[in-house]
């Protein structure tokens, strides 16, 4: 039983950042802008928020500091994503190109800035993790559920779940969501009924920036004690989760869970006797999440549909 | 004055072309005003200016006596102007209801309130006889219903100036009748309607006045009751147009295309789209397949041309069973195909004209050697076709097809398919969206092929086209061939009954 | 309209011109960054970027050496783009190719003067086979290629690590064994022309392949089919082209190109080994940048690869003025960012041209 | 004026950066300290890629930049320095963690201008493993980074130290468990965090984290698990996490500092290898901020003395596996690849 609790807790460490970032990507692509810059945005969000923690941790600590850091990550991610929005929306740029450029820019820029800002001239940014919650009051004492979901956790886990629910509601139940989706499917139709395609696309990209920024912070805080200008390819994995999740919030959550669980198995099989004793090599375990994803895709891709207008710059004049 | 809307001296330029050159258009309240002109005359552009999608270089718009600057569709809507676009602007994976409310949603605390919207839509639908299913996805409904959705969109916004850009090009005769009635009803209620169409008899039927454009310039405005169809078309083209085809009787030769008990089942819905269809097309004969859109015509043609595979039955070309053969095999063994959707199937829009003209033959020894393309040969051939079929474009063989007008794109496809000297020519909706001049040309080419002993199979939703072209008419209804008649033996009305499924032939 | 005289055809030249504009903007931003970080030495630093790689034959040789693998991965990405496929999996194909080359380079020492050829051919086959998986998944199971490429990047990395350990492992250094001398690509005299550098016959192969790909795409029926599929899958089906087969072949070729890039680098005789580390080969991602800067044109990609290598070598000299080499990455990123604006630049050029034409008529 | 003003002291990094929490960083800190104290100009250079040729180019660059002494951390420089020592006879090289040799290991040769420095990491690891078992831990873990020789020697020493301590304490054979893994990289990652968390969950009490930033992931896992510990590496890492109980150190900075001092004081000992071990205080266990429960400073001194006196035979081969060490008290679960 406790192994199961453990697996669930660990799965969250992989799942939450992947899901949050993929949901961000969903808003961007649903508005019609392909965002392969998620990796770069995560790095920028991680950079500024960890730098913020690094600077502030003398005076602040715990959840308040984390919440402020989340705000910093949100703003910096959104700001960085505007470079992509400007290229994709105003300049009608090829979205793959500008995304690639930002993925290249982010690590170089954050190393450069870290070296400039930090007195020691190093590129890593240290922080002390004062954010873990041993046990959530009240909820943590509920039998089974408490141990599974409310012990040894971070507020970012609940933030992730909240983001999922809010994303789904915003996308499907609000005026904003309806208009956003229209812009990603048929921008001419949206334009013809007076919806500003530019505004919606800017909003979509900005949300993707915010969520990817947050995702960068979550990634670093839960897995390390310093930031070194990378997020280990999780931005690209989030992109894969987005596609795997077929641009739908619930499916994205499912895909992130699936992938996170597979990752957990492959990283922790050595402490699960049942798995350790199987005649399977460590490298194979490392490959399992990726192979499993491919296999699932083979069976689920036949009817996969991306937003129709994603990746196509919107030109008012064109028909 | 008592014009509800006046567009004065509108000039609109695109790179390299003046699409609207000093055009004036005056619409009276409560009238149906037709806008007439050849392909590329500037009709859609002018309407886009009125709808705020283009900003004109010069000119002014006066609405109900007040000069206005229309900054965008949103403002146009708020001024009461609505538009049904030539290419529908509907989100394919939204429901009917979602499409109607998009842009004018009612919300409570930021959440959509669909119930009120639904009631209003249903009321309007009842009041104007515009039958729709509010919860159906656009991708699942017929073109006719999609158009009703577009009209409901305007009514939902309480628009009283309604623009219809070529609304009938995609409708069946019955649907056209319905639309005409609806338009008359709307006008009677005091709404003003601008109606763009290439079909002069429709103008005759519903319009009060008609403004004619030619090559971006204003030609004149006339009272429809004062003018004949012939005069109108002369005004538009600048010369006389002969739409009636001179076709001599020809005894059909041996069968070229034979379809036996063909059945096609849709992968997704598992419904049979074509049921047990059998027919023959003979040398020197034009067979037209009539029917309401969505009754299996597309699937029938796809199966014959190999784009989808037949679930059962046999297809023969010149006696050879090709049911299991590849598309390439059929194309090289006597089959030519002018597809219904020229942008989806017919052309590689990013290829230039020459490349598109050899799209079906690039692999032939004429155009390649050891896998290398023979460029001089290709250019020479393309230039020959361009001259022969009068394909107009800005840069000749090098023109990107994307930048060509719809009519000329269609000509390019026709040139390519006809010049391959096929045994069986299949043409689907060959004149869709073309102006009368281009239609005249297209029809001539089809008849010429027949006269040269080719077998021709035409699919059309346009009854007048069917009546004019066909030596024999097949009617498809729900995947079955329900009639096989000669045009001389049947009236439009009777044909309509077959198409609506109200009548079927007794036995085959 | 009669043509009396006409402007050079800027619409066709717009590609190169917009890339050049992007490069200028990128370099300009480079100066600004240098000025921000150390105004006193900014000019020094900038001169290094521009001229550092032209200082000696050795440096020029190294530009050619660094350009070789990224031209290949660039061609791989560009080629797939031509069929409308985004080969974000060049990294996996690259490392697979590298492994194939190293395997043959280490194990089959008896091949004599054919050794390097067999090793290189193996890298091509390994790269191609690795791209075959996403190709088949795309063509026959509709699996989005971006996701399967990302997955095969990781799988390829782990697989190569595992195979290196079981076949050609040098435990003391945790990397692959050195390949035999005979497996190194011949220097064909470049060691005399550019003494001290690592350049070898690989660059000639890369250039020849670029030209070959250009011919393949633009002069052959096969290229005609591939591009048609890329532009309009439906229309090419209508024209009787087997689109599925073309997707698979296109990715096979893309994989072969990236795999060959791995072969060319690991057989360069510069002391390159496959490290058993869990890091995805960066050459694949550089290939995306190179392809995009080269506007997915084979010859453009060739020049883009040379350019990226050129400022990278120059950029390492910049360290002499106290600047970190990351600045080069920043500059390259900015260049690519502005390269994305080519559509706008093209439109401006087009307007200039048509206005001019309009004036004359 | 390209390249006029020079840098007298230079460091060329290998695949890592100067803040890799490993030998690049340690060496750089020693170089910096000396340079700052003695007002020397200094700079580090990053090679274009990880090949012998690229390392040589970076050395060329450093020489061009006016370097008199070049520090090259890591065994990857063994072959490049073998070339460079002849190419630049007037430039001094400090080769940390290696000795110059040819690519095929056939010829080892150190010129007068090269000061190779080797560390007995196995001794540091040995002391860490010994102390851990003496402190009462029986469930240990070793989390290496890439399996490079220095990391392997740390790990093997750790296992041997634990084995010896268990024997001394009269514990039963196989009573010490050791989870053993090389992560394959030097980066913090969720995978390493999860692996360590799994070990802790399954009972592991203390993990010797020996792979640069991989250690940060282990620390994150230890913090999350609560009541679990980490042994740091190379430098005293107590400041990085509450959970760091001690660190197995090698005096990278010191030795680089000393080599530079020797050069400027005309006491350069190039041509012969410095082997830094417990005897010459080149390696050790961090005790100043240690949080051992029972293992005291006194215990450490006894241990150190014994190691210095070579009282234990510690296997330092890096081309064998940990299970080849033939340990009896330690039950090794090797998480292999």
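Per-chain residue numbering starts at 1, and chain names A, B, C and D are given in the order in which the chains are listed.
One rule holds for everything that comes next: a residue touches a chain if its C-beta (ideal position, glycine included) is under 8 Å from a C-beta of that chain, and two chains touch if they have at least 3 such contacts.
Nothing here was measured: the structure is a model prediction, and the numbers come from that model.
Among the chain pairs here, which one is joined by the most contacts?
Most contacting pair of chains: A-C.
Which chain's centre, taken as the mean of its Cα atoms, is farthest from the centre of subunit B?
When every chain centre is compared against subunit B, the largest gap points to D.
Averaging over Cα atoms per chain, report the distance between subunit A and subunit B in Å.
The mean C-alpha positions of subunit A and subunit B differ by 45 Å.
From the mean C-alpha coordinate of subunit A to that of subunit C, what's the distance rounded to whole Å?
One centre to the other, that is 29 Å.
Report, in whole Å, the distance between the mean C-alpha point of subunit C and the mean C-alpha point of subunit D.
Spacing between the chain centres: roughly 37 Å.
Can you tell me which residues of subunit A touch two or more of the remaining chains?
If we look for residues of subunit A contacting two or more partner chains, we find 281, 283, 286.
So which stretches of subunit C touch two or more other chains?
Residue numbers touching two or more other chains: 161-162, 278, 324.
Hey, what residues on subunit B touch two or more of the other chains?
There are none in subunit B.
Give the pairs of chains that touch; include all such pairs.
By the stated definition, chains touch in these pairs: A-B, A-C, A-D, B-C, C-D.
Quick check on the complex: what are the subunit B residues that touch subunit C?
Per the stated touch rule, the residues are 15-16, 305, 307, 326-332, 337, 339, 344-351, 355, 359-360, 362-363, 368, 371-373, 375.
Provide the residue numbers of subunit A that touch subunit B in the complex, in ascending order.
Where subunit A meets subunit B, its residues are 173-176, 178-179, 181-182, 185-186, 188-196, 305, 308, 316-317, 319.
What does subunit C use to touch subunit B in their complex?
Counting only subunit C, the residues touching subunit B are 219-222, 224, 227-228, 231-232, 234-242, 350-351, 354, 357-358.
Residues of subunit A touching subunit D in their complex?
Its residues touching subunit D are 2-3, 6, 10, 13-14, 122-124, 126, 129, 132, 134, 152, 219, 222-226, 228, 230, 232, 263-264, 266-272, 276, 281-283, 286.
Sort out for me which residues of subunit D touch subunit A in the complex.
Residues of subunit D touching subunit A: 17-19, 21, 179, 181, 187-195, 197-199, 201-202, 204, 213, 216-217, 219-220, 223-226, 240-241, 333, 335-337.
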